[in-house]
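Below, chain A partners chain B and then partners chain C, in two separate complexes.
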Partner chain A sequence: MKIKTFLAFVGPSVLAMVGLIAVPLIGVVYLSFHSSYVKTEIVEVKSSVPLFGGLTKTTVEKVPQPVLDENGEPVKVWEYVGGRNFDTVADPGGLVAAVSKDRSTTEDGQPTSFRQRMDGLYRDVTDIDFWGALEFTLLYAFITTPCILVLGFLLAVLVNSVVQWIRGPLIFATLLPFIITPVVGSLSIYWLFLDNALVASLLEQFGAGKIYFLKDAISIRTLIVLYGVWHVTPFAFVILYAGLQTVPQDALQAAMVDGATYWQRIRYIIIPHLRALFSFIILIHLMDAYRIFEPVLVFGSNLFANSLQYLTYYILNFEDNYYKAAASAILTVIGICILLLPVLRRTYREQKGVA
Partner chain B sequence: MAMTRDEKFWEGMRWAGFGATFLFMAFPIFWMILTSFKVARDAYSTKVFFSPTLNNFISIFQDPYNFGPLLFNSVVVSFSTVAVAIPAATCAAYAFSRYQFKGKNALMVSVLSSQFVPPVVVVLPFFILFKNLHLLDTRLALVILNLSFVLPFAVWMIKGFIDALPPDIESAAVVDGCNRFQVLRHITLPLIMPGVVTSAVFGFIQSWNEFLFALILTNQKAVTLTVGLMGLHTDKGILWEHMAAASMLIMIPIFAISFTIREYFISGLTMGAVK
Partner chain C sequence: MTTNLPKPLKPFTTAFLGFWVFLAAFPFLWMFLISFRAPVDAFSFPPKLFAPITLEHFYTVWILDGFWKQALNTTIVTLGTVTVSLTIGCLAGYGLSRYRGNLGFWILIIALVFRAMPHVVMLVAYKPAFWAMGIWNRYETLIIVLVAINQPFTIWMLRSFFVNIPEELDQAALVDGCNRVQTFVKVIMPVMWPGVITTGLFSFLLAYNDFLISSQLMSGDHMTMTAALSNYIFSDDSLAKLMHGVAGAVSITIPLIFLVLFFQRYIVAGLTHGAVKG
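On to the complex of A and B.
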């Protein structure tokens, strides 16, 4: 293929990808270091208040007013602010203060235990929006990842052991939580655990008393993690199931001849064979987990379980601050890069190996 | 051959494992489907047997919900995204597959890496741009932004299908004087059509499920089903029977398409992972 033909073929896609991904990324970096405000000036405003007998009292006040351009629009000033937006989002000063705060005694002067000091430190750090969102995002990523790997693998082994004709419908049924729209998936879990809804009612009928699943941080966080496991396990399952079809049968038969148990075959032949797939699933899932958004919105849980992406959305939508939102978005990207770098390097090496 | 007691026990455990897993996987969706056919007074009950009604499905198309235009927006945005992305991605994937150059692997990993960019990063500058161009709350804005995740994924996926084809089958056509576009159209494309269709279905599902862009960029005219669903919070709280019916409306096309092409769908999901 000639270079000219190559460029003609890839041109539209590459241009679109650059325009839709690379340029916005640069734009967000640029925005995160800038800020804008409406230029104001102090003007003297005279006001006259009529008194009695035809007299008036004139007062002169100095008030700030927006400077208008020739079209009558307020003049906006655009300025470079360095890392100020990052400071506002990540609040390093607040973090240092939270970490260095003296917690050796309680308010009434009693000495505190180690546990109390740690609880206090955790509370003060996670009270800062960004660190609270980072904490739950990482917690979600690191709890759900092993769960989906284990459950996905067990499911793959289970389905692989049934007769061929039933596998297709089983695989499709198992995939449903993954292909379902995330908002709908989040709602379906939320709906089960809502106060007075199915799970709470059934538990009450079985004598467990009234249970409110959405009343505190721990139960809401557990439900969001449960949603994550439910939603992504099918993905891990289908990848690992496909991988199981490629396990060399002669190695398995040789192991059986040598007297290897079922567990030993899994431990020494199947799992090492699927290692690259485990990395692939970790890569994709960590990336997705770091962008968790829908369940936080659906569960209305941002007070108890915020995520970095939700925080950025909140800043953009409710604080109406593009620049701070841009800084928050950049911090999210940096976090993803740090988290994924080891797995990405591995993928790159594998790609190189294939080529 | 009769099973021993031990084998019977493990067989029983296996089926119990199946039962528990599929209950865990399918039950939330099953319960949502059931709720969509319940009347308001039954919505919170644990009844599995009740008099089903279709009124919830009718209600969501009437005032004050009016899901008709939302459905139209979702259909137009999803189809338009696929219509733009798939031809462009097919050409790019073909060229990436057949043209050898230094740094090709790094470029392909960067195409895949583009999926790591959080959507909120993409939407931020476009929000400002669209605001200035008065394109906020338009279907065009959503199509443009949906391309940011559908296009790289489609390039990656279709390239996998083309890589699996030996280049030799194209040589005869090249010798006969076909240009590369003719080769792609008449030789390669018919052979990779299942892959292209699967990529199109994936792109459609991704666009159909998209939520964050629509939430930020639309507020009235171009609102899609996923955002409309979240609008079912009323001053009386969430009307779950309506919410469930609207959820069904969102789920049905995805289930139908996925079921129709389930074989390709599964191979598409594992594409790139299993080599």
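On to the complex of A and C.
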């Protein structure tokens, strides 16, 4: 294909991506270095206060007021602020203070153990919104990834070993958590764990006492991670299941003739054959895990579990600060680039090798 | 792979698969069940397996709160997104699969990076820009945004389908006097339907399931179903309102269940395609 024809074919698609992904990204970088405020001036306001008997007292006060332009609109000042937005988001000063804080003694002068010092450090660092969000985002990504790989592989092997007619219904049920709207999926779990809902009621009935799942950081975080595993395992399963269909049968038979056990066949033939699929799943899942949003929104309370995407969303909507949100967004993008760099380099080499 | 699992593992298989199916389906089943109940029965102690049935929540949500309007909005947005996505995606996918130069490779790598972008990053720019341009809260805006966000994934997937169509087919058509566009429309597209259906399904899912972008770019009468759910779940803690949320969530789920029922084969094909073959 000639380059001219090629450009004509990819044109609309590239235009859409440049216009609505690349240009906005540049815009966000620009926003993140700026700020705006309404220009104010100090105005002298004279007011007369009636005293008594028709007498009035005139007072002069100095009051800040927005400057209005000729249309009566407040004048906005747009300024370059350098890294100030980044400072407010990532709070490097607070981070340094948290790290260098002296924790060798408790408040009443007792020496602290290593464990206590680490706990204190962890608490102070994650107290800063950005670092807390980063912590849970990475925690989520790195806990769910091995879980979905193991669980997905186990399911794929087991489904592959049952009789044909039952596989269809099995795959159907398995796909549900993956296909159904993430907000709805999160809610369906959330509604099971409300204080008076099914799980808490059942546990109480069986004598476990009253458990409040949604009032505690550890249980909320566990629920979000479990939701993640539940939501993404089907994806890993389907890919590995399809991969299993392509395992060369003659290699397996040769291994059996040589007396390889079931585990040896899994370990030395099947897993190496699926290696590329495992790294594909890791790549896609890291991307998706890094932008976890819906469960954090639904399980509520960024107090207990926050994610980077939720943090930016929060700044954008509730603090209504575009500039700070832009800085937070840029830090998020830098994070994903660092996280994906090794995987991207690998993809680059593989694709280059093919092309 | 052969199906001979070691004998002692057979009962384990049944138990594990049974447990997994229960885990996968139960939250949805329970949601369906309680959506037809009075609030007291839905969150009762001890929990009830059977309770009187009522359609009250669905009536309130669909008729009184006008959920039908949001369903209509969702239909417009998803259909628009799927159509535009597939049109420009097929063109690009075909180009990428037939072009041998370096540029195509770089477009794919950059698309992969774009695929990783958290959507809220773009939203930070969209909000002030769309507001200033006065294209806030319009179907076209949401559709074109969803199309763009969806493009990286779409072109990767469509390309892997096009790669599997032998180039001899193109050459035969070109020799017979077709130009590139004619070849694409008359020769290649007719054998691409499985790929188009699969990719279309995923575009549909992305547009239908999107919460973040839709809830931010649309408001009032233009809200989509998924975005409208936030009206019910984040407003207050009254149980009646929560039950309306359950009915809304069930309404959103039903079309998806049918989608999986009818297109399971294509969804599996799509998920495995990129990984196994390309």
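Convention: the second predicted complex is superposed on the first by the 343 of 355 C-alpha atoms of A that agree within 3 Å, B and C clash if a C-alpha of one lies under 4 Å from a C-alpha of the other, contacts with A are read in each partner's own complex, and residues count from 1 in each chain.
Note that a contact is a pair of C-beta atoms (placed from the backbone, for glycine too) under 8 Å apart; a residue touches a chain by one contact, two chains touch by 3 or more.
Quick caveat: nothing in here was measured; it's all calculated off a predicted structure.
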Chain C versus chain B on the shared chain A, clash or fit after superposition: clash
Partner chain(s) touched by A:Leu252 [first = chain B, second = chain C, both, neither]: second
Which superposed partner A:Val60 touches (first chain B, second chain C, both, neither): neither
Touching partner for A:Asn160 - first (chain B), second (chain C), both, neither: second
Which superposed partner A:Ile270 touches (first chain B, second chain C, both, neither): second
Chain B versus chain C as contact partner of A:Ile338, first or second or both or neither: neither
Touching partner for A:Val49 - first (chain B), second (chain C), both, neither: neither
Residues of chain A at both interfaces, chain B in one complex, chain C in the other: 1, 3, 5-6, 9-10, 12-14, 16-17, 20-21, 23-25, 27-28, 31, 154-155, 158, 161-162, 168, 170-177, 179-185, 187-189, 191-192, 196-198, 201-202, 205, 230, 234-235, 238-239, 242-243, 246, 277, 280-281, 287, 290-291, 293-294, 297-298, 308-309, 312-313, 316-317, 322, 325-326, 329-330, 332-333, 336-337, 340, 344, 347-348, 351-352, 355
Residues of chain B that touch chain A when the two form their complex: 14, 17-18, 21-22, 24-29, 31-32, 35, 44-46, 88-89, 91-92, 94-96, 98-99, 101, 104-106, 108-109, 111-122, 124-128, 144-145, 147-148, 151-152, 155, 179-180, 205, 208-209, 211-212, 215-216, 226, 229-230, 240, 243-244, 247, 250-251, 254-255, 258-259, 262-263, 265-267, 269-270, 272-275
Contact set on chain C toward chain A in their complex: 1-6, 13, 16-17, 20-21, 23-25, 27-28, 30-31, 34, 43-47, 87-89, 91-92, 94-96, 98-101, 103-105, 107-109, 111-129, 144-145, 147-149, 151-152, 154-155, 180, 184, 205, 208-209, 211-212, 216, 226, 229, 233, 242, 245-246, 249, 252-253, 256-257, 259-261, 264, 267-268, 271-272, 274-276
Partner chain B, residues of chain A touching it in the complex: 1, 3, 5-6, 9-10, 12-14, 16-17, 20-21, 23-25, 27-28, 31, 151, 154-155, 158, 161-162, 168, 170-177, 179-185, 187-189, 191-192, 196-198, 201-202, 205, 230, 233-235, 238-239, 242-243, 246, 277, 280-281, 287, 290-291, 293-294, 297-298, 308-309, 312-313, 316-317, 322, 325-326, 329-330, 332-333, 336-337, 340, 344, 347-348, 351-352, 354-355
Residues on chain A engaged by chain C in the complex (per definition of touch): 1, 3, 5-6, 8-14, 16-17, 19-25, 27-28, 31, 154-155, 157-162, 168, 170-177, 179-185, 187-189, 191-192, 194, 196-198, 201-202, 204-205, 230, 234-235, 238-239, 241-247, 249, 252, 262, 270, 276-277, 280-281, 287, 290-291, 293-294, 297-298, 308-309, 312-313, 316-317, 322, 325-326, 329-330, 332-333, 336-337, 340, 344, 347-348, 351-352, 355
